[in-house]
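This structure is in structure tokens; I'll ask about it shortly.
To keep things simple, chains are lettered A, B, C, D and E as they appear, and every chain counts its residues starting from 1.
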Amino acid sequence: PTPGSAGSGSATDGAGSVNVGIVYSKTGPLAAYGEAYYEGLQAGIDYATGGTGEVDGTKLNLTYHDDGGDPDKAVSVAKDLIGQDYKILAGTVVSGIALKLAEQAAQNKVLYISGPAATDAIQGINKYTFRSGRQSLQDVATAGTFVDDLKGKKVVVFAQDNAFGQGNLAAVKAALGGKGATVDSVLVPEDATEFTPFARQLIDAKPDLVFAAWAGASSGSMWQALNQQGAFDAAPIVTGLGDAATFGAYGAAAGKISFLNHYFPGAAGNDVEKAMIAAVEKAGKKPDLFTPDGFVAGQLIVQAVKEGGSDVDAMVSALEGYSFDGPKGRTSVRASDHALLQDMYQAKLVEKDGAWTPELVEVVPSDTVAPAEAK
Amino acid sequence: MSTVILLAATGLGLGALYFLVASGLSLIYGLMGVLNFAHGSFLTLGAFAGWEVARRTGADSWWTFLLSILIGAAVGALFAAFTEFVLIRRLYQRHIEQVLITVGLALATVALFEGIWGTDPVFIQGPAWFKDTTELLGARIPNDRFVCIIAAVLVLLAMVLFLKRTRYGMIIRAGVENRSMVTALGIDVRKAFTLVFTIGGAAAGLGGVLASHYFGYVSPLLGGSLLIFAFIVTVIGGLGSLTGAAVASVAVALLQQFANFYFGLGDLAVVLALALVLLFRPAGLLGRKS
Amino acid sequence: MKPILNIAGLNAFIAGQQVIEDVSFSVPATGITALLGRNGVGKTSTIKAIIGLIGRTGTVELDGQRIEKEETHRIIRRGVGYVPEDREVFSKLTVAENLKLAERDAHPRRQLVEELFPDLVKRSGQLAGTLSGGQQQMVSLARALLNENKVLLIDEPTKGLAPKIVQEVADTLAQAAATVPILLVEQNLQVVRQLADGAVVLSGGRVAHTADSAADFLADEDLTRRLLGVHDDGAGAAAPAAGSGAGEPAPEVAR
Amino acid sequence: MTTTRTENAGLAAGSPAPSPRRLRGGKDSDGGRRKLLGIGGGLAAVVLLALLPLLNLSLPGILPGPTYTPGSLQLLAMCLLMAAAALSYHMLLGVAGLLSFGHALYFGAGVYGLAVILSNLQIPLLPAMGLTLLVVVILAHVVGSISLRVGGIPFAMVTLAFAQAGSVMVRRNPGGTTGGEEGLALDTANLPDFLVGVANTRNLYWLALAALVLVFAAVSWIQYSRAGHVAAAVRENELRVRVLGLQPYLAKLLVFVAGALMAGLVGMVYLLLQSGAVPRAVSSDFTITLLVMVVLGGVGSRWGAVAGGIFYTLLDQRLTALANSEAVAGLPDVLRIPLSEPLFILGTLFILVVLFLPGGITGGIRGAARRFARPRGGQPGRTATAATARQIPEEQA
Amino acid sequence: MSSPARPALAVDGAGLKIGGARILEDVRFEVAAGEMVGVIGPNGAGKTTLFNLISGVLRPTEGRIVLGGADVTGASIHARARAGLGRTFQTSSLFPQLSVLENVRLAAQARRGGSLSVLKFPRSADEATRVARENLAEVGLQDKAATAAGDLAHGDKRKVEIAMLLAADPSVILLDEPMAGVASGDVPSLSAIIRRMHRDRGCTVLMVEHHMDVVLGLVDRVAVMHHGKLLAIDTPDAVMANPTVQSAYLGEPV
């Protein structure tokens, strides 16, 4: 089988339909994120095609593939799809998988739109890779907005000593260090289970602002340790607000944390968001942190097909510089490095009827938190 | 100075937790020669059971906490008894196969728990006192550490008494070596095996509930993540030696704590310690020479 | 007087193979009954079948009660002492633990055992696996003698023992036999001559001969040559000692 | 029933059980024809496998598409590589009776070694592979010579410890070399073009097949060589080997390093196939996976390791499909929850095999063949005695 | 062959203590090349332990072991085996899952070098296999060559032990109760093999055995062990007449 030229491949077979392969975690450790992405994607495709599922008469044929959080499976699936002449791949919440899929996209010259995976490494990785979510640098820049003037301030990153934590530290150095702050860090070994001493270490570092970058199940005891040792009295602590399932993790500290936020339902308050929420709720699900990532992926896919047909290079040009109204407001794809410029939020958790609920503090405009261009 | 005290005190708490997890494992491994990979699942199930109880009876009272510990231990015990009765019993004296069975069981049960309770961690509430700290020589020690330490000491005492004061320890060691001869002395060795598994499972269930309070969450992977330390502690402590496991738990936890804090190398230090101990004392610190 | 053990039509199997066939005999309620035969004729298998260590069919009566359907540990608890062929001490347990494990009665006869085997008292903390062969045999015998039994089943107690110890073991058995009936498998015909009252001789997995008097049987040169492959007239002083008394293994049952 | 043979007593010490196989002694007498048959069958299988990318065969339910499509070839290549990896583990467990919990270290060393070398040194593929193998051999030598000083469960634990250390290192991302848990992408700059891209999947497939054949040949070679026989003897009775004047340590080290070398080789091809390295390749999970494969296939049998590797990989893949299928979604909770977890099914299957099929897949097939071959009307029980059954050679089946 | 003046084996004041317990004490004797010495003594006297010291399974806590003039006290088990020491075990110690032929062939290869070679394959035609078959025939087990050693009857296992010993072609041999469990019909033929090994190959033999008739019929001298000490070493007649031996070992005739 030779890769078909535009229009003759199976990708636009029959009555003009185009195949789009969605690779995401239906099962596995990040299945919950996967579900939010999936629901958002349904809503997004629906919204962008006006409920028809067609783009200018071409039917969008989305196929769904479980990666189970396992890069091997994801690569196998991707190769299978590319072998079947799919021209568009999208999805995954796992950074490691996103990098593998981006690699496949470049090797085989197909379009890839990554999902909630936040790794900055995707930014400008190659011509064929775009993203539908936000990236770490945007998180970090949002954190910087909690202090009015960063000059001469000491920002301490409290993070796990792993790729995620190191990435965040690098991002903070780049984003906030560039604005005149001195950046220090308390890196906790990834497999440590006892955080109390590190909490002390953090306090002893006398920070003006703490940026906590923490993922995973141990966040509960991490926050408890910070709270118990009195870290909140030392400096404001900023962290990213996760999905609804994690609200319980902050425990007693919840009310004291300053949250930067990618998204929570109701944060944007625009019509697109309302449409997204309505659609997701209609499907019997609740919108969450990563619902917009799926929604935007839907919008980008439709745009790519609309302008590019089945020619990958045309799709790429169609997306580069594309600016549109997304669930988080005005959103645009930077042409040079495919960064997705979008608003971010400051939020806090308040207790309502015995449950923690996010509340908007401030919208951080997209240009304030735009990552530096990647070369 | 207060840092050192904090490290030592919390290290002791962590050691207590390791011992709680390892005690059942060590008991089963030492007496029956079964390296139980499913021990983590006993633990996870106990923790989930404890959480279900707490959820239904109002999370933050002491009574709820005690009840969840009891139920957690009971569920762990039942699961373990079931495992022994249905799976392990058929393979007596085939240790490799027994290990393989527990490997399979661990795979299957973790997946099953994910199916039932989902992959996300469930966050746990305990009595409010748990969240407070107690000041000790300038260090603020979280209170739940003390609970772990007390529980670990009680479990150690109970198990040592069981082995010293009852015939079971002997029966089981003999049964591992030559089962038919034990029955030929008029002893029903199967009962003893089931009992040991049950006790090991109860300890795991108890450890699971306490671990979930220590970490603040339960997830299907909770047990598995602790299992490797339980293995290390069991092996360093020495085959079949509960006191060895206790000593090793504290030593490993302290080593890990200090190495983590000062060099960020806690895990590597523990792994290195394991290698060194095994090379120079293959039977472990307090293990019998075979 | 009623026999203590009554065995009728006993068949036994190892790994699906029949090793004894239709074995019937009884053990009187007093004295020592010798179970004789060449290597591999099924002596050990008969004893194991009686206490259910290998699969069996047929009937076994202990003191008037049927036991062939019961599990091993229950049969033992009814009052059977068993001394296995290869000692089978628990090598990773100490001597004391080995003995303690064997205690079934509320008041085990520790005193008696300590008198019989003073060496074991000295070595009570030693791992049984490090004992010499003879010492292990003592542990094995002691385990059976600790309890009050209705019958003792003893399999080749003198195998591999020094001539002097052979004598000691024989004396011990004679002493024990004063209070409890014994079914004894023994290759050393001099020991048999000294101890046994009756004799049952196996050949090819079947009972080939039953004698009320072991001495009479041993005196019959024709029979012993045919069934045991040797004839020992009892005048042979010290040698040949343990282990002799069997020729080529007899053909197996049911080829 | 409770019969114990005295030889089994040694197991009580917790030492690894000798695997249920026998080295054939009669190879030189009766084995010749059987051996030829085995070689012939093997060759035929290799030829068939080599032709697959050129054929249009469909195996619905097993392969995602016809055999020439990249998706199917990718899956098949993965199966072959896992079979080869399982074979390398068979070297340890099946031949020398070494229960290692750290075999993933060498597989991972192959994967990461090549990935790191390719992205940091500007050298072509073949020298890079040679360099990687050198690293693997040195690593295996060091770890092997230390951990082989102990045996049984302590050996398992020391190897686990070393592998764990390797795994921690990889996840730590020292100096940015390994990419942490996000892994490392394959740097294709110095790769020949025919190994890059989905369109070239069949070349990678052939490479994987070559790796499997190579590993199989090497394992057979070592197993049949004198050293292999000594390793088998060590597995059975180490003291006896010493008293004969041989050094068990050297035999075990040889097998250990050879197994590691093969794992490293397979790891490198794996890197090319997946065009990226992820930490799972060094994790103890992966070692467990290999163990599961070998046991599923039948411990002690080379064909078993191959069958186990292929079977496991296919199952792993297809069970995900089953879990996501409509049929499962419609079931009531009691059935739906377990059935939608692939690992639950795999774990359960594994338990059933250990319990009821001690010889694994190959053992089961052999048993079935024997039952089939038995003359009809023949008396069951007496015809196939335990003794004759065990003498049936396990090498070729 | 070592020079006749030099003893093939010398045990020089060897002693062993385990955890405070004295197991062997100041054992001292020499065995001339080509000599056969029987070792008798009550159970637990330390006979097997002595063999373990000589073969290197245990290290003496005091004293020396000298093999063919060379001090081997610190040498490893396999080094002593390579130097020509062979032994059997009190309870048969074979490779139970390997075939009988393979058991013997491993022994035959061991001293011919290249055992750990991955370049050499055991073949039906090679030297080691030929030697193995010959020696199997010598003990009358040629028909069982393909049987797994673990499936053999007890007595046959003892014979395989002897065949392995023959195949390894040692110059100094330690036999630990070779007749234990061998049916009495086979005792004479096995005795004959041991005698041939001794006479024809000129091996030096040390043999523990409780069958007094066998011992007395074969050996040049008898060593008597008791409580970890060497009680006497002398000609069979002298030893049998020794009253201490009578009371410690033989006891009253049954």
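Following the convention adopted for this analysis, a contact is a pair of C-beta atoms (placed from the backbone, for glycine too) under 8 Å apart; a residue touches a chain by one contact, two chains touch by 3 or more.
Just so it is clear, the structure is predicted and the values come from calculations on it, not from any experiment.
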Note the shortest touch-path length, in steps, from chain D to chain E.
-> 1
What's the overlap between the neighbours of chain A and those of chain D?
-> B
Contact tally winner between B-C and B-D is B-D
Chain of greatest Cα-centre distance to chain D | C
Central chain (by mean CA position) | D
Chain whose average C-alpha position is farthest from chain B's own = E
At what distance in angstrom does the C-alpha mean of chain D lie from that of chain B?
-> 31
Length of the line joining the C-alpha centres of chain B and chain E, rounded to whole Å = 49
Separation of the C-alpha centres, chain A versus chain E, in whole Å, is 76
Gap in Å, rounded to a whole number, between the CA centres of chain B and chain A | 38
Which chain D residues sit where two or more other chains touch them?
-> 2-3, 6, 9, 12-13, 168, 340-342
Which residues of chain B are in contact with two or more other chains?
-> 114, 176-178, 180-181, 183, 267, 290
Can you name the residues of chain B that touch chain A in the complex?
-> 2-3, 6-7, 10-11, 13-14, 114, 118-121, 123-124, 131-133, 140-142, 214-217, 219, 221-222, 256-257, 260-261, 264-267
In their shared complex, chain B is touched by residues of chain A numbered 27-32, 161, 187-189, 191-194, 196-198, 200-201, 217-218, 220-221, 224-225, 227-230, 245-246, 248-249, 251-252
Mind listing the chain B positions that touch chain D in their complex?
-> 33, 35, 87, 90-91, 93-97, 100-101, 103-112, 114-116, 176-181, 183, 228, 231-232, 235, 239, 267-268, 271-272, 274-275, 278-279, 282, 290
List of chain C residues in touch with chain E within their complex | 38-40, 119, 126, 130-135, 137, 159-168, 170, 188, 190-191, 194, 229-230, 237-249
Chain D-facing residues of chain E, complex = 55, 57, 76-82, 86-87, 89, 91, 93-102, 105-107, 109-111, 114-125, 129, 145-148, 150-151, 164, 168
